[in-house]
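Look at the two complexes coming up: chain A is in both, with chain B in one and chain C in the other.
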Partner chain A sequence: MLKELTPLASHSNGVDCRHLSVFNLLNYKQYSHFESVWKQCGLFYTKPTDDAPGLLRSKYLNIEEEMHLVHNIDAFSLKTIDSQGFINDCLKSIKHNDPIIVYVDTYYLKGNFYFQKKHMLHTVILADVEDDIFTLVDDTFYQIYQLEKTDFLKTANIKRDDKYVYNYLTFSLKNAKDILETKDFLKVINQNKIYLSGDLKEEQLQKLSNLHRDYPVKITGMNAITQFVKDYKYFETEQEISQEIYYSLYLSLMELANYHYRYFSFLKFCKLKDPDIDELLDLLEDMSQEWRVSSNMMLKAMYKNDLNLFKRMLRKVENIKMNLQLTLERSAIILCKYKYQGDFQYVD
Partner chain B sequence: MSIDMKIDQKLKSVVAVNANPPVDPEEILDNTSFIELGYDSLQFIKLIVDVEEYLEIFIEDEFLDAKLFENYHYFEQVIHKITSAKNV
Partner chain C sequence: MDPFVIVNLEAYFNIKGISTLKNINSADFSGLGSSYPAEELPKKGVTTINDTPFLFPDSESIVDSLTFDEQLIKLPRGLYKRLHILGAADNGSFREKVYLVDGIKKSQIKVGLTGWIVPEPHYSEKKAFICSMGYSQSEGIVREFKPIIWHQTVDLNNVGDIEFLQLSDNPAMHLFAITLEKGD
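Showing the complex of A and B:
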């Protein structure tokens, strides 16, 4: 068993299973800035077709790019269809005391609340393999599972782009930065400002669409909210909305909430004593909470089948535009004040 | 027994029975977090809906933020505030 690898004792706001697994793994590797590594925050509206309603999203970097951005952490997302190759890598990680994060399907995760109830993509840390028993640490549910090899392979065999694969994450801190400087914070403020404002170049839009392959990105920035509200106004006249729509809205609004919370948490590590940074922090915290309330309203609406909650959610999301505008303005003031010169670095 | 005590007992029993795995209500302390009780967002909002039905109250949208999820004490305070307002 990897020494002292247990579920994280406390959770900060705005974290999903992947955030928590990475926190725990980096903490285990004694990386002191582990709570600041998630920081991307954009705003886009993805739609399957021009006529159909879509989903709001916030992600514009994959995990390798996000870990590398200012922290210089080398993350690798590995996928294979070869079960034996996957098991060999698992055994190697334990032997070298270098834990990996494994994506699993909760429906097949024995011991989890959703076992044989619900298919959800989830992450766990592989903490030990002994006598073909795989020990997994689950930071979200604060649990440790011990699975036989066949059960482990079953839960780790997940669907990605219409293919069943084993998908796992490894991290190297060889080049990681120990101290974040002012320019690092400014770089992230600048980058998030670009992706929140939606003022994107053609290649950036193309990259976003590659990242969100399920639904192409149609609209970015403030207009994303406007179009989202406009598209869903149609549902206000319906008798009821399906559980699937409520649930997908919950997931996308929760992504917005979590990414805003993570950006807020990242900026809190900034040592600059500056009222403009404080103001930006307040705005981000407010927006995080507003997105969180909106997403939880969709879950509540799903359980109660309550269309009024849906209507109120649309009004709430519409109101977030005001704070978004203030966030963009405050970001511009900060970048101007510190004479931020760095161009946006396109991360490949 | 005061109304507050009755509500507290009812509330603890609903939280305890919906925990994963279910726990004895006595095990729930002020600083017990919902994470420790095995709640995720899906189960927590389900709990909110159950509590609304059980106590015949309405929890305002604004309370559905992350803070409500943190620990039992804050959750209980919010419910008390709502039930007190209802009983006035």
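Showing the complex of A and C:
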């Protein structure tokens, strides 16, 4: 087994299984600022059709792009349908003391709480292979599983774009930056400001649509919230809302919360003593929590079939617009103060 | 002079978070069917935690605690040094805005409450009660988690006379009791 690769001891706010697996893997590789690597935060509204209600989303970069942004970490997401090729890569990773993150289906993950109960896309770290026993580290559930090869292949064979594949992530820190500079933080503040404001160019919109292939991105920025609330107001007059709607709202609002929490955590690594940065941090912490509370409301509404919680969620989401506006303004003040105009035009 | 002013929250209770083994289905602290075990908590009445007296609620009542729903809680008007809270959060840990109102002025403080099944505090609270098990409407007795009621203390920083506490909207924030501490 790879030395000292055990589940991380504690969880900060706003993390999912993928965040935690990456944290643990980078920590194992002795990358000290591992909690800063997730940082993208945008705001979009994806809808199946113009008439139907949709979901709010936050992601605008794939994992390779996000890890590379300012941290220069080289991440590779590999997919294959070839089980033997996948196993060979797993064995190679262990031999070279270079752990990989494997996507799994919880329904087939023996030892997990959701085994034979629920299909959920999940991540684990492959920590060892010995005598055809595969040892997996699960940071979300603080567990270590030991699976036979057939069980490992079963849980690792996941559905992506209507195809069953083996999907795993590898990381190289060869070019990674150890210490982030002021310009790195400004770069992310600038980029997130663009994607939170929704003031996007045609090619940026096109890229977003490629990233969110399930539903097209219809509206961005502040208007995304306005349209979301408008679309779902209709449901306030219903007697009952389906479990599927509650559950998809719960997941998408949780995603929004997690991306905001991650941006907040990233910015906490900034060493600048600046009241505007402190103010931006406060705003981001508040917004992260507001998204989280909205998401919790949907979880409880689903359990109790409580329409009142649905109405409270809509009010809360509507109120987030105020903090979003203040966040955009504070970001602009910071970028202006440090004369940030792009990657190499910054004056300290 | 006794510096503590115990506040009776009964009129504001809107949820039942404590159940007995005989009647597990009567309470739902988490909003997902789980509750604290009454057998491991005090009976109704004044109980002292970390030298601070609190009015612990009646766990046999239909409601025994409140979740944040923008309530305006009436307080004995006065100048207070600290606010003491017995409470916990569910489905995460939260730091929420609370407003101190004196009729004209409104000032903001933040109250952090750690999740009820999180073993260590996120917001420097002290552990008031640690239960050895929780109750679940679907699972019965659950020994995998050890529910905690936290004692949170918030400095009021001489904000002036206060007459009301105004809560924000967060159904995951729960209060069982509050006590105010007067200044020197």
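Keep this in mind: the second predicted complex is superposed on the first by the 342 of 348 C-alpha atoms of A that agree within 3 Å, B and C clash if a C-alpha of one lies under 4 Å from a C-alpha of the other, contacts with A are read in each partner's own complex, and residues count from 1 in each chain.
Assume contacts are C-beta pairs under 8 Å (C-beta built on N, C-alpha and C of every residue); 3 or more make two chains touch, one makes a residue touch a chain.
Predicted model, so just to flag it, every value in this text is computed and none were measured.
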Simultaneous placement of chain C and chain B on chain A, clash or fit: clash
Which of chain B and chain C A:Asn13 touches, first, second, both or neither: both
Contacts of A:Ala332 with chain B and chain C, given as first, second, both or neither: neither
First, second, both or neither for A:Arg315, with chain B first and chain C second: second
If touched residues of chain A are counted for chain B and for chain C, the larger one: B
Which of chain B and chain C A:Tyr142 touches, first, second, both or neither: first
Touched partner set for A:Gln289, first chain B, second chain C, both or neither: both
Set intersection of chain A contacts, chain C complex versus chain B complex: 13, 289, 292-293, 296-297, 299-300, 303-304, 309, 312, 316
In the complex, chain A residues that touch chain B: 10-11, 13-14, 113, 140-143, 254, 257, 261, 288-289, 292-293, 295-297, 299-300, 303-304, 309, 312, 316
Residues of chain C that touch chain A when the two form their complex: 31-33, 91-96, 169-172
Contact set on chain B toward chain A in their complex: 20, 33, 35-36, 38, 40-43, 45-46, 48-49, 61-62, 64-67
Sites on chain A touched by chain C in the complex: 13, 285, 289, 292-293, 296-297, 299-300, 303-304, 309, 312, 315-316
